[in-house]
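These are the structures, in structure tokens.
Each of the two complexes below includes subunit A, the first together with subunit B, the second together with subunit C.
Up next, the complex of A and B:
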């Protein structure tokens, strides 16, 4: 019998030890039977996986015995249980290499968050009021079944909308299968979507995946705006590679960053070059022009990727350094020199991401960068761009989906035919989309909304029914990351601890509903539990030679893989790139921006926050208090303004600024920042939550809300394509941890 | 020879990500103080990443520098403490005895590195955040100074384990939380008195420098300057 079942029976039958507390008969503290045999003070380390971004870093969790006050079946009591105390990287993991980013450490606060939803809830007041009452799991499942059951029978397409964050592994398989069985489709949403790069890589290399960059063997790295040491793609793996690149004996690599605002990543560049937003593709082609013209690489090195670009075969005359330099405000000599350096100090690799791909010409810029990589000889080679073999094998990774533009398809879908039911899991589009897209008004039309999330946020507050998932540390983990390693890899880890609240694993809830519904739904999801589904999916790896785990039987393999936190191949096996014929001619266009430059003189640069990521981590106090890397600001929002611009406009540090686009306004205190262009202002993404626990609700301002509904060529949100105007409207406050911004200044500001 | 714990921080590798800052909070039961107190300068980041800009846009550069208690051999914080709460250990650490501290805050006044933090009020954790506490580290209460200890709990645990197993400690066998999590491997920790240790070797680098050495504090943290790139010859590194 499972311990959990024993525990339930024990509690119900009263066969527990009751603690008489201090002679106060009203304050009996029930002592539940301990869940595990742990020795007090002795830690065990359990493998797990971090889920706070798409990297899926392998972790190890320090678990020690402790006393937790919990509620079981409505009864408050004390239970001795294994409690996660610390998360570290798993040294054997091919992505994390034993390291973590700041967010990975803060994941502990998700499990122990005071505002976590502790059990199933049903809305009592109006939808969106945030008034809920706790109900039992039996009641919650009954209500969910009542709403979804008829959809399986009717099998009406579009009746069910399952909106999730991008998922991997059997979690994704189960969600997909469930959605289809109940007349719907899963729609994945994330703000920092990968669709632009996935589409570019599909066209260039036949692989719709984010790149895995072999930085430890790179000699020359050029990045167009990609925050690869902070938040972009697989930051931990990239940081590990970067460290090795810097300190190879006698061969320290060079790093050049092109961007409009000095980011945390950009600060580490040997050469930081200011470039206006939207010009990244043009600069990449300008570099290619020099390499081609000066014959620094074999003429046809870029092959079909090059010739697909308009003008490539005639030497990209439109992108001569003098022309590009004039438009970009960079000297032609610099472009020429960097082209020469990169071509003669291989392996050289070029990256693009974040703001540069969040433009109306983002896809064309990404294709230009791919062609440049091909020309430099780094595509598919050590020290360059490679691709995860598991991403290509498909099925279990998030590649190929997750375009944030997909939420607009949803919105259009709802406009034409309203689904009967909306299920939410891990996605918060009401927060993370421009108000111009009107996502909230459209989601509200759906008659029944249920959420599986652990927190009430702007989107899940619309839910009529909440069936909270357990936190990642309390859950089975599986799946393969899209990038970060070129070894074959699948993460598998059992829960590091038992749930402290009365939450249930979401995939298991779906399986229960499917089984109860019967028919095709039950056939589509035949597993008894999520754990069984994961175990079954692993069988394919047991016979693969040269893996990290070898075993004689399926059961032996299963227990060894769990203990290791996953299975991976011993050797790197980067996926083979397929250079197809790309029929279409690619033209790098001039980026378009919303707002007439006369009235809206500033480029608006929202940037991913190292602490809040896309806003999903603003609810964690460690993240609110950790100083922002470039400004040291805590607990707030700010507007970064260039010092010369601030002086011209009479703006002082911490003055309250109103930032206005054609689509809305936000307010935040000014941060006089030397690292931003005079014709741009920047705001961190992640604050400005209306509803997101006590630590984030009503705090700061959300720059996404005022963005113009501009799109990249493939329909993703072009979050870098909005222009704004600013004005001083009062005085605000900045909570800065650091003092001066320059070494030779003394901060005498009274706080 | 007695141990002298020390660190080397390679500024060429540090990316400013602040994983060290958050790892330290998690390991050492450091509470968050909230917005108002943080605005008054009362947040307690035992390790912080300083960021300095140089130049003017567009010729602008920014540099990162992690700063933590330097465990100075001639620590200015030690002679000014009236109760010897701030003292020097036999293994070269500046120790802080929490229950001796009476909160004069003179140690923080004397410290050139601003790495000492005062508990202006009793720490608050909204339950059940307190379930995350590391049982190996004391919770400080109001009126006490606190600072980086080089994760002395980890040092002690490793020493006890090695002694129980009747073997010497190996270089790199354990590390403070910040060093352990640093992805670009910018931080190295070990015994400076062991000439074969990695930290001792790196401290002899031609890029080595120390912070505010002119104060005479004799800090035990060595910083390695950022490298440069000279075209085809590439550049100086360790």
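Up next, the complex of A and C:
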């Protein structure tokens, strides 16, 4: 026989044994008639917007024809349709500059998630049982109308509670209009509350918005705890700016980070300085003391922002470096040197965020940092902090966004008068609030709960009716991000693909209900569709000179803006700041912590995870698989413990630790880390879901659950203000990408 | 040597038998339920061997579509097989496309009535693949450059005016491709087609 055939036969005999075939080989699926006309094998890139955090980065999505397994009218089959295959940053977008953080890349998995809710569902078992049956859209809308219709006629204030993630654009407008028409209020909930910084910026600069930091022109960056390269504010835009700063030939800037635990941002610092939680404002004022005392900047450079701070006019004697050094465990010489460096190497910019603003004195610390920025001459200047013009135009001059303290208002509201209906969209407060707040028990009091989310989570499992929204890739996108660019900007993008499941765009569902209800509801929401609402909102930008899109007519403008993924001004136009008038005197009070230091010796530092953010992305397996940047841990939780502390307590790597606050306990394996102070322990936020798809349910531990109900001055949750004790309770498992496990030992099994 | 191969095959066969007994046949999935098993492997050794040797059974089409009649009536190839000059695939049109004509033409023909039935159920006609390469060859054929180069469809697909139900009239082995590539002085680098 021929050698080739001999080899073929030999190989065939040695071939791998019988294996299961692909997905569904023996059951020929019927093929539905395609609804789109596509050229197979050719990919197109379509613009879209990432919605997984508040940055609203512009993306581009690679779409190609593929076969999708879908259900239509209760029948499973295949359909050829345009399918999103990959998400990248949109190079022309002023926020993302063509880049994306890992969460943006993983957003693809939201659309194709196997546990996505595929059609409207009604609860069959008890509330919270998770037993649902699929119903038709007609039936679902009928039920929703039946519940909400009477509320529109009664117009009783507080009858409807619409609980959402922070929204922008016409999506927000429609939700607000809907809530008000049905006798209710929209409440926006986010764990990483922006209200502290928004309130501080309102008082200091007259703008209630997160800052846009001009890092590419900065020369000296001081950050108090802000994870600006990972999760804080607009991380992609900030990372791009930071990269530009570092690449400047001969002037790559200096970056100093003050925090209690080395974050992934802090790991990039030229100088990393340990600082106890709650002392950030005091250290900032200590720097100001040196600058004022050594006359490094004009005495009145900080203007009203300075004089608003108690003791500023007399040189902040309480914050002399020697005094602060003793309290903070930092040498006075370091404080003095950094003050000098920052004042002589401008533009210098100071940032504060995350744990530093999640303290009982968070607002005061933020105001101190604003004053320091003003003193250094970087407020409202290139290389410093600026503000987005569209944020201001959108009404960010009033403290509009509800703090997650607004959840506390919700708690009080429900206690006094229970709403008749609760609508949920993108918010998971049952997971993301301390158990001490008892949010679940309170929400359960509401007689009718409907959810528009795509997944069953701890909060949406309480829903009686689910009307699933299409995923972001299947939806119209619009709105302006609060920070990230000082160009005028509005994102607009059509769906990158048709819905694969029988889902409907949530704003369109609201518009349908409003139109059916008639009366004031129909008047408040006059658009036929969400797309119409977006188109109407764009008209104002067509005549603005110097924009990214020029057009001859409204229709031409509309189609060009869609193709580009939005409209933005060619030039930066930072919003003008209005310096605060001297009013209330600010004292940086000592931060308070829950728990007696004798019994609860450790500061508890939950930190936002680069992969899961606030826990809303733990359902994405790519994010579970992606190693944590500092520890390389995957698929689980851990407690970071200082090596000296570990030795004292007899704790070894991966030992199971119980972390106990006055309000609860959680357990997770120990991670011995030199990057955390001996009197603190840290846990990543995001795991510990009870219900959140097969990938996150029953996995890890949720540090938010045991937090004390402490507040910042403006009512936001002070999630850095809890003290805990730790003890070894057994042996745990840590899956580290760095090689402590064999690849096949990592527990990725669905729970 | 042959003895070893036989034993190996026997061993594998036994193993196959055991493993297929251990796993019950996959149940009919419920609405919107996938089996959760994703692999490019074959459903049995036999299937793997057949693919390896390029043995393919004659496709049985759901509709007795006849190219002869359509071409005789003046239809061009690209009228139905759109996208062939733009992308890698020559598409087979969907049910709606067929019905644009057949809503009126030859409606009493039982085959046409079958198409109408598919359309009323919202289903695409489940054609069986006639042309293709075994997966193990890792070859990707791209129609567009060939059409743009002016190659006639019949060069590889044979004289369709004589075909009723489509069959592979031309033996499309690698030698066939290489011969033509060499004649036309086009790349015969491996990576041109195998990637």
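Everything below uses one rule, namely that the second predicted complex is superposed on the first by the 702 of 751 C-alpha atoms of A that agree within 3 Å, B and C clash if a C-alpha of one lies under 4 Å from a C-alpha of the other, contacts with A are read in each partner's own complex, and residues count from 1 in each chain.
Just so we're on the same page, a contact is a pair of C-beta atoms (placed from the backbone, for glycine too) under 8 Å apart; a residue touches a chain by one contact, two chains touch by 3 or more.
Only a predicted model underlies this, so the values are computations on that prediction, with no experimental measurement involved.
Legend: residue contacts after superposition of the two complexes on their common chain; A:587 is shown touching neither subunit B nor subunit C.
Once chain A of one complex is fitted onto chain A of the other, the partner contacts of A:106 are limited to subunit B, with no touch recorded for subunit C.
Put simply, more of the residues of subunit A are touched by B, taking subunit B and subunit C as the two choices. When the two structures are aligned on the shared chain, A:41 is found in touch with subunit B and with subunit C. When the two structures are aligned on the shared chain, A:114 is found in touch with subunit B and with subunit C.
In the superposed model, A:445 lies in contact with neither subunit B nor subunit C. Touch criterion not met for A:578: it reaches neither subunit B nor subunit C. Contacts of A:528 after superposition on the shared chain: neither subunit B nor subunit C is touched. Of the two partner chains placed by the overlay, only subunit C lies in contact with A:72; subunit B stays clear of it.
By the document's definition of touching, neither partner reaches A:157: not subunit B, not subunit C. On subunit A, the patch touched by subunit B and the patch touched by subunit C overlap at residues 41, 69, 114. Subunit C meets subunit A in the complex at residues 5-6, 8-9, 12, 15-16, 19-20, 23, 25-26, 28-29, 31-45, 48-49, 52-53, 82-83, 86-89, 91, 94-96, 119, 122-126, 142. Here subunit B touches subunit A in the complex through residues 10, 12-13, 15-19, 21-23, 25-27, 32-35, 38-41, 43, 45, 48-58, 60-64, 126-135, 177, 180-186, 227-229, 231-232, 234-235, 237-238, going by the rule given at the top. Per the touch definition, subunit A reaches subunit C in the complex via residues 8-28, 30-34, 39-42, 69-72, 74-77, 79-80, 114, 118, 134, 501. Only residues 41, 64, 66, 68-69, 83-89, 97-106, 108-109, 112-114, 229-230, 235-236, 239-240, 242-244, 246-247, 249-252, 254, 262, 264-268, 270, 272-274, 329, 341, 344-345, 500, 610-611, 621-627, 629-630, 632, 634-636, 642-644, 674-678, 694, 699, 733-735, 737-738, 741-743, 751 of subunit A touch subunit B when the two sit together in their complex.
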